[in-house]
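Look for chain A in each of the two complexes below; its partner is chain B in the first and chain C in the second.
For the complex of A and B:
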């Protein structure tokens, strides 16, 4: 093991390995990664491997777009198959609000150069014959995305990094991180490593890694379950006939994703009531860990899935995965320099880690090597949270972020959990005057005043005259 | 014919077992649990016999904490008709389990009692045999094939020497091997329907059985960790190490 290097990456999930890969690709070959157990053994290994390009944030959207393009080139570069199935991804809409959301998103997609198509229910049926489409309005399709094998992806990135001189130390646990005059010392149970930069990519251990350097990193994971069925005769028949995979299907209004898996189906719902987990951090021996499944919590979504794709209910459940996914209060990752600590970098809180890993590693390498990122990273900025993001706040907000994955994201969305948190002395008076509040950095701040008989709450809906009126008022404020 | 099937809730076979820091047992908090795998074979066999029209009712019974109800539900989802949960706290040893099952058998009067050959957590392989002795019923252990013939059972057993086929009278106890069948997976509609099937809840104390452990557990320790291997540079070095260090040749 090296005792001196330029960068130490802490954590060997797909996020950390991608950061290492991109540093090496940028020409910094004297870089190392330390992983307490095996690569992927935290959350990467149990991820469903979806690569959704859909994201309302310009920053995250660009990270995802870069990753999807990169992953297509990895096999040629490293000789390792990453199991990327470019099967496209269809998001269904059964309400007008949902379709409006897709149209709004299409603007984001166009701006950052992501290809999308709108489909009629008839076109959905042609691609997904097992899907019940009578009650749909339409759908949006990403022809370029699909799913990948997360462990194979991680190994390919690791090979790409090693080929360029980077080193990976597995079964090496970080015990302390100290700042020195010139940089950092990372202490491990196998010895210490002096370095210029540290990148924290420790996933479920984000808070524990942060504590080592006095940072309160606003990440707490939430439990996510997905169900894998045994093969279905219809899907096997399609395979035998040489027909293409039907692709990833998302029923946003019933809040789940579905895709084919070994002749059967995978269903992953984003339900209400999924609990935060590892609140005090995982056990130090934690490795390839899953939690007890709770199908009761998923019942409405399972019913929705059987309505949409009856075949899903016709075969047996082979396995239910319930594992930790990292979350932040707004559901976007935290990627960038740590506040107040020179050359300490945060790459944590990835709830779409497989998709975001490529882009996050890319931008961090740009930032560390060249001194600045090459895209607007404001949406994933570490300083968007402050000391108001306490453990109980995070627990409430991250559970909310999880359950909001599939809600209709209206412009100027304000989420209700853990509020009001900080109020100014005139809060009550403003409330009496009709203030409708939003939250900024933990503070309740009026977005507008409901006057002339307007309802004193955020409506959101753009179709609604009152909603439009609200939006106009809040823009003027 | 009525079949009673005993199912046990154990730590899932995929979970990496961790020993508690104070060496009093293994960590079970927040750990994924599931049905003891050979108990799945026992349920499957009972359901198959019922589907073939040779049994009229399959009753699943579990003994353990409140959450063992999930294990009973799983049996109901794959075809058992109703369930019984005998609630207990803490460690419960095979003898106590057999005595509780004896009471259930006296109450339910089944013709056959199926269960897994052993549980993957304590690996005791005692409950079926003890229950057979308590009831004075014939037993067939490690069953990999069961056939019902004129009110008798022909059972093929997996033994060290190969396969042994025996014939036993009914009522009987059968402990099931993993080779007995391929347990089915429950579909989601069946999992949902299982919630409506009845589960009778009993307390161990109501059955008048003393379940106090009789074995004192001194310490639970992890197996010794394997040391990392080394690379040898030549065949000669390998031979030398095998001869002098490993002393195997």
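For the complex of A and C:
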């Protein structure tokens, strides 16, 4: 093990390995990664491996686009197959608001050069014959995305990093991180490593890693379950006939994703009531850990899935995975410099880590080596949170973020959990005057004042008479 | 607007440090206010600060509430570490109420014995005044394009100030307004926000901040990179658009902009402008198309709308109301 290097990456999930890979690719070959157990043994190994390009944010959208393109080239570069199935991804809409959301998203996609197609229910049926489409109004499709094997992806990135001189130390646990005059010392159970930069990519251990340097990192994981079924004769028949996979299907209004898996199906719902987990961090020995399944919680979504894809109800359950995925209050990861510390970098809170790992590693390497990122990273900025993001706030907000994954993203969306929290003295006075509040950096701020019989609440709108009327009334003096 | 991030930078090297931090010239006279931008080392726009000179080598900085940690961390990481510059976070101890509108002066004169006349209280200046019994730092700036003041005050006086203003404003038609109104009002003035029109991906020139950048004032963060960028040429230019024939939806941001069926830019923000009675959008487009009168198209929720480039600040372009 080296005792001195330029960068120590803490954590060997796909996110950490991608950061290592990108540093090496950018020419910093004297970099190392330490992993307490085996690579991928935290959350990467049980990830469903989906690569959704869909994201409403301009920053995150660019990170995803980069990742999907990178993953396609990894086999050629490293000789390792990453199991990238470009089967496309269809998101269904059964309401007008949902369709409006897709149109707004399609605009974002267009401006960053991501290909999105609109499908009619008939076209959905042609691609996904097992899907019930009568009650749909349409769908969008990303022809370029699909799913990948997370462990294979991690190994390919590791090979790419090692080929460029980076080193990976497995079964090496970080016990302390100390700041020195010139940089950092990372203490491990196998010895200490002096370095210039530290990148925290410790996933479920984010808060514990943060504590070592006095940072309260706003990440707490949430339990996520997905169901793998036994093979279905119809799907097996399709396979035998050499038909292509039907692709990843997302029923946003019933809040789940589905895809083929070994002749059967995988169903992953984003249900209400999924609890935060590892609130005090995983145990020291935690490795390839899953939680007890809770099928009751999934019941409404299973019903929705059977309505949409009756075949799902016709086969038995093979296995239910219930594992931790990291969350932040807004559901986006935390990628960039730590506040108050020089050369300490945070790459945590990845709830869609397989897709985001590529772009996050890419921009962190730019930031560390060249001093600045090349794309606007405000959407994933670690410093977008403040001291108000206490542990109990995070628990409430992260559970909310999880259950809101498939919510219609109205432009003026305001989420209710853990509010009001931070109020100025005149808060009650404004409320009495009809204020409808939004939350910014923990503060309650009036978005508008309901007057003339308007309802004193936020009404989400994309294209909506009520939303506009509210604004009209509140602006005209 | 109590959520604003606020801080004080003082100490023997405060002026020297701040001058290096931002691209604009600092306010020279005590009580003067300048809008200043901190660029990153590649010349993109990182932060926007309203800077008021309180005393020699003492400055009061205000920036977006959402960027408190980002902006204050940026300042503290660039600050000299030898104690010659001192940083003081004033966010939680200072409240802000915004008074704006044609009768703002009348209102202030009802609650204060201080002089709010245009001769003695000019645009972009600040004064310590009393609002009835409370101490207030009144700053003649705002983000809505009307005559008005931001009233910065020690937080414990907020309800006193609030009550006295509401009471005095009864006869003047005073009404509270929120963030959504502010967004509509600022779009009509082509005022920019960090995170949409201002970004590290755009140089200040692309975002129309030319008058806030002084490349000859002496060195500052990002200057060298900005000069190189300018030699290479810019890919974008911020424009203000009128969107025609909208019925129920306006630009939300990230809408693609088209010319002859080709994507030539993206809208950064938009809203209905109620003073102009027009749907207005701000957008980044290719510089060769950034001419007043140019006809473009914009996609709103999957429908194409005709749009025309307007002069910057279509509402009160000459700032007569602001300076009245």
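Points worth noting:
Keep this in mind: the second predicted complex is superposed on the first by the 466 of 477 C-alpha atoms of A that agree within 3 Å, B and C clash if a C-alpha of one lies under 4 Å from a C-alpha of the other, contacts with A are read in each partner's own complex, and residues count from 1 in each chain.
Note that contacts are C-beta pairs under 8 Å (C-beta built on N, C-alpha and C of every residue); 3 or more make two chains touch, one makes a residue touch a chain.
Worth saying up front: this structure is predicted, and the values here are computed from it rather than measured.
Overlaying the two complexes via chain A leaves chain B and chain C side by side, clear of any clash. In the superposed pair of complexes, A:318 makes contact with chain B only, with no contact to chain C.
Touch criterion met: A:283 reaches chain B, while chain C stays clear of it. Of the two partner chains, chain C is the only one touched by A:381; chain B is not. In the superposition on chain A, A:438 makes contact with chain C only, while chain B stays out of contact range.
Looking at the superposition, the partner that touches the larger set of chain A residues, chain B or chain C, turns out to be C. With both structures placed on the common chain, the touch criterion links A:339 to chain C but leaves chain B unconnected. Note on the superposed arrangement: chain B and chain C approach each other to a least C-alpha distance of 36 Å.
Partner chain C is touched in their complex by these residues of chain A: 58, 100, 103-104, 106-108, 110-111, 118, 337, 339-340, 342, 371-378, 381, 383-386, 411-412, 424-426, 429-430, 433-436, 438, 440-441, 443, 445-449, 451, 462-465, 468, 470-472, 474-477.
Interface residues of chain A facing chain B in the complex, by the touch rule stated above, are 227, 229-230, 277, 283, 285, 287-293, 295, 299, 302, 306, 312-318, 322.
Chain C contributes residues 1-3, 40-42, 44, 65-70, 73, 76-77, 95, 97, 101, 155-156, 158-159, 162-163, 166, 173, 175-181, 184-185, 194-195, 199-201, 248-249, 252-256, 263, 266, 271-272, 274, 299, 301-302 to its touches with chain A in the complex. Remark: chain B residues 12, 14-16, 18, 27, 30-33, 184-189, 191-192 touch chain A in the complex.
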